[in-house]
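Next come two complexes built around chain A: one with chain B, the other with chain C.
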Partner chain A sequence: MNNTKIKASIENITRLCQTSGKVFSIMEVCGTHTVSLMRSGVKSMLPKNIRLISGPGCPVCVTSQGYIDAACELSLRDGIIICTYGDMVRVPGGDGSLEDCRAKGAQVKIVYSARDAVAIASANPDKSIVFLAVGFETTTPPTALAIKEARAKGIENFYILSGHKLVIPAIQILLRAGEVNIDGFMCPGHVSIVIGADAYKPIVDEFNKPCVITGFEPQQMLDGIEAIITQLVKNNIYVENVYGVAVTSSGNTIAQKLIAEVFDPADVVWRAMGTLPASGLELKGEYKKYDARAKFNIEIGQDRHIPGCRCGEVIQGKLEPSQCALFGKKCTPANPVGPCMVSSEGTCAAWYKYGS
Partner chain B sequence: MCLAVPGKILSIKNASQEQPENLGIVDFNGSQVEVSLAMVPEAVQGDYVLVHAGYALQLLDEAEAKETWDYLEQAGIEFDRPRNE
Partner chain C sequence: MQRGINTAAKEKVIFMADEKIVMAHGGGGVKMHELIHNHILSKLSNPFLNSLSDSAVLNIGSKRICFTTDGFVVWPLEFPGGDIGKLAVCGTVNDLAVMGAVPLALSLSLIIEEGFDLAVIDRIMTSIAETAKLAGVNVVTGDTKVIERARGDGLTITTSGIGILPDGVDLNINKICAGDVIIFSGNIAEHGLAIMSAREGLAFKTTIKTDAAPLNLLTKDLIGAGLNIKFMRDPTRSGLAGVLADIVEAINLSVEVVEADIPITPAARHAAELLGLDPLTIANEGKCVIVVSQADAEKVLAICKKNPLGKDAAIIAKVVDKKPAIIELKTRAGGRRLIQRPYGEELPRIC
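Up next, the complex of A and B:
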């Protein structure tokens, strides 16, 4: 980390803020940004009139209880092996977590990659493998490729439970609801590799808010914040890409084609936000046969409320974790009550670990 | 879950009848993992790629890859085995 450069950035940002005298509310959409801003100390170095708000970008946190409940129910059926990214096993559903199911004898395997789940299917032809396909545009093309791999290899016992979500509709819905005051967005670097910088244009067009794509290193995040404030001060709002080393205007078109080939947009339930139109993805056409919901006749139901947990408001940036009465008391990373405390990228977990 | 990590392609196994996509053995500062190169078909041996959950998303230049490694090391984020959470 180049400290002189960091210092210069902070000074620039402070100067910009002082000249304008306004308060700037910036939402970091992505959970990795949230953690990185806190861990690196960047958040604490910023002038007081910059308010950083964490957004709905932690895929684990936005996964609905109904989804976890469906996964739990499947895991307890005979002959099914659940394969999942590690963070998911501790997320509470309406009725316990996958870890609890494991204790009851369910087979739940943690995989590093969707490819590993296909390999497990191939090695266990007498079992049905259900891969918990969650995440935004970084994990969706891999799910599509895994399905295509299973098809090419003639593997008949591989299914997915799609919980995939889309970043752009999430931001649009948040802004249309108008309940949170947001002046600009730090857009997620790695999702943007896939969708491309141009994907944010509709947000700028409709809401006139700066969308700045940044990486995860402290200097990159500071460059992003400086770019947002500069746009606001000059009242010249556009999509700006300060992570040009990795992100292009059009994104990874192969990855986009994979998503479009295998999935259709669908209404999905977000944790504590309800069903949001066309904000998720479900399998389409010939790929429907890989859908665990149809194969095992299972519904993803609505959320039941977890008493006291205010994750829904935290995810939407309406509330800071410390404003939840359970924060740090009944709810800690060792004993999480809500999903925002489970995931290492969850806002509550980040606040607990790094302080506010 | 959303952090992609840079790695260097040591070797490439081209797609075949049994394996529909190009695979690469990718080195993450010491540990080697098999990664799908389906989304970066232009990648050749020696290239750096940004890898997320076993799939390369993007080519990266060497300087940027090394800078990211340095940052991850400094921040104490484990990446010798690419993370999935």
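Up next, the complex of A and C:
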């Protein structure tokens, strides 16, 4: 790590801030950025007039309570094995988490990729395997591949409970609501590898906010912040890609085609934000037979409010974790009340773990 | 906002009548603390157990005997650089060694599942024999049980150990004071990463091997050298972060850690990054956190560096009189952040 370069970036950013005399509110859309900014200490080095706001990009945090409840209900049925990414296991639904279900005897297996779930299905032909397919454009192509693999191999006992969501509609909906003051966006490198830099153009066109794609190393994040402020100071707003080493304008078209082949955009429920139009994905056409909701006749219900929990406002950037009365008191990583404290990429967990 | 470390851990936790054991109760973090304090110590409380040190110190005649026990349920049973047998010897020997004791003898209990492969038993017993020889201890008593198929997980091992505490040796976490220096005896996070690299479903190619080693081969050089060593602990589950949290909670002073000074191989750093894990929270099985007075820090470091088990040792942190008591990390990038006791089971991220 080149600390001289990092220092120079901080100085540049500080100078830009001082010259303009403004406060800049920058939203890091993605949970990986939230964690990287805090874990690396970059956040602690920034001048006071840069306000970093964590956005709705932690896939676990935005997964609705109703989705968790549906997963829990399925896990307790005979003959079903739930396969899930580890972070989901402890997210509280309306009535406990998958971790609680596992302690009651449910078969909940942690997998590291969707294809592992297909392998489990192949090895357990007498069971139904339900993969909890959550995440943004980074995890969707692997889910699509897994489904295609199941079909190619004739595996009939593999299903997904789709909770996949889309990054761009989430940003658009936040901006249209207009409740959070955001000057610019730090856009996630890994999602952008899939969707491409051009995907952010509608945001710039409609809202005139800088969208800068950055990686997750300290220097890359600082380059991104400097680029956002430079655009704002010069009033020259566009989609800027400071992560050009990995991200192209059009993105990974193979992955995009894969998503389009298997999924259709759908209105889906986000935690605390309600149903947002065309903000998620559901299986389409011949792939519908892999849909656990239809197969097991299960509905994803509405969220029930958790008394005192303000995760909904945190994921929309309306509130900082420390402004929630439960934060660090009743709600901790050991006894989380809301999803933002559970996920390793949750804003509250990052604030608790790394301080602010 | 500044918080003291783990305010929540100290709060009274209300348990629901139907609460069940979850994996995190065994993860070495906050949840395990709750289990031990609220459900075990509350029933078995005595001065030896209450100290929750790595070994109990018993006065027998004129001798002080250290006594410890440890269960091993690692999966997979064999992993890069070691197996459950090596771990079962090192784990117990190390709990004695970090007390400053000279390990004398071990017990060995094997719980074997019906259908288990005898060839694997033979390999693991060979590993136990080799590691015990290396550590200079004998397995002097043991027990074997076989349980029905599907009621066990292949093989679990429990070892207990006793050691003699040399006269004058009295390491105690409460002796730590402001100005003391914290040394880490080598490269961090290798055991946990080696295990993860071998886990089904996660298998990734790496050169990382477990660091499991009998630490008495290192601590024997440190004990009796007349140096003002205050405390030692081997950072296993919950890693370096867990041991630093133990220290900060016990003495109510802060610790400042310099990330760039923590020894780590590039392979380990990249593997942890790939898995989204913090190396500070990953298990080690042949490393030692040594807290020493500032005056003796360089001498202790020099002794470590001469020993194969401590050749990569480094001064990584210091104890400072700052309230509220926190662990603060000066990051590689030059920023600052907190270190907290890990929650328990660290799981790879999903995106």
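Operating definition for what follows: the second predicted complex is superposed on the first by the 356 of 356 C-alpha atoms of A that agree within 3 Å, B and C clash if a C-alpha of one lies under 4 Å from a C-alpha of the other, contacts with A are read in each partner's own complex, and residues count from 1 in each chain.
The definition used in the following text is that a contact is a pair of C-beta atoms (placed from the backbone, for glycine too) under 8 Å apart; a residue touches a chain by one contact, two chains touch by 3 or more.
All of these numbers come straight from a predicted model, not from anything done at the bench.
Contacts of A:149 after superposition: chain B is touched, whereas chain C is not reached. Legend: residue contacts after superposition of the two complexes on their common chain; A:111 is shown touching both chain B and chain C. In the superposition on chain A, A:6 contacts chain C only, with no contact to chain B.
By the touch criterion stated above, A:32 is placed in contact with chain B and with chain C alike. Of the two partner chains, chain C is the only one touched by A:353; chain B is not.
Shared-chain residue A:40: touches chain B and chain C both. By the touch criterion stated above, A:344 is placed in contact with chain B and with chain C alike. In the superposition on chain A, A:60 contacts both chain B and chain C.
After overlaying the two complexes on the shared chain, residue contacts for A:328 are found with chain C alone; chain B is out of touch. 1, 32, 39-40, 59-60, 85-87, 110-113, 116, 135-136, 138-139, 190, 218, 344-345 are the residues of chain A that lie in the contact sets of both chain B and chain C, per the superposition on chain A.
Contact residues on chain C toward chain A in their complex (touch as defined above): 1-3, 7-9, 11, 13, 20-24, 29-31, 34, 201-202, 276, 278, 326, 329-338, 340, 343-344, 346-351. On chain A, the positions that touch chain C within their shared complex are 1, 3, 6-7, 32, 38-45, 59-60, 85-90, 99-100, 102-104, 110-113, 116, 134-136, 138-139, 190, 218, 322, 328-329, 332-335, 344-345, 352-356. The touching residues of chain A, counted against chain B in their complex, run 1, 30-32, 36, 39-40, 57-60, 85-87, 110-116, 135-136, 138-139, 141-142, 145, 148-149, 152-153, 188, 190-191, 193-194, 216-218, 245-246, 252, 254-255, 258, 343-345.
Only residues 1-4, 18, 20-21, 36, 38-41, 50, 52-55, 57-58, 60-61, 64, 67-68, 71, 74-75, 81-82, 84-85 of chain B touch chain A when the two sit together in their complex.
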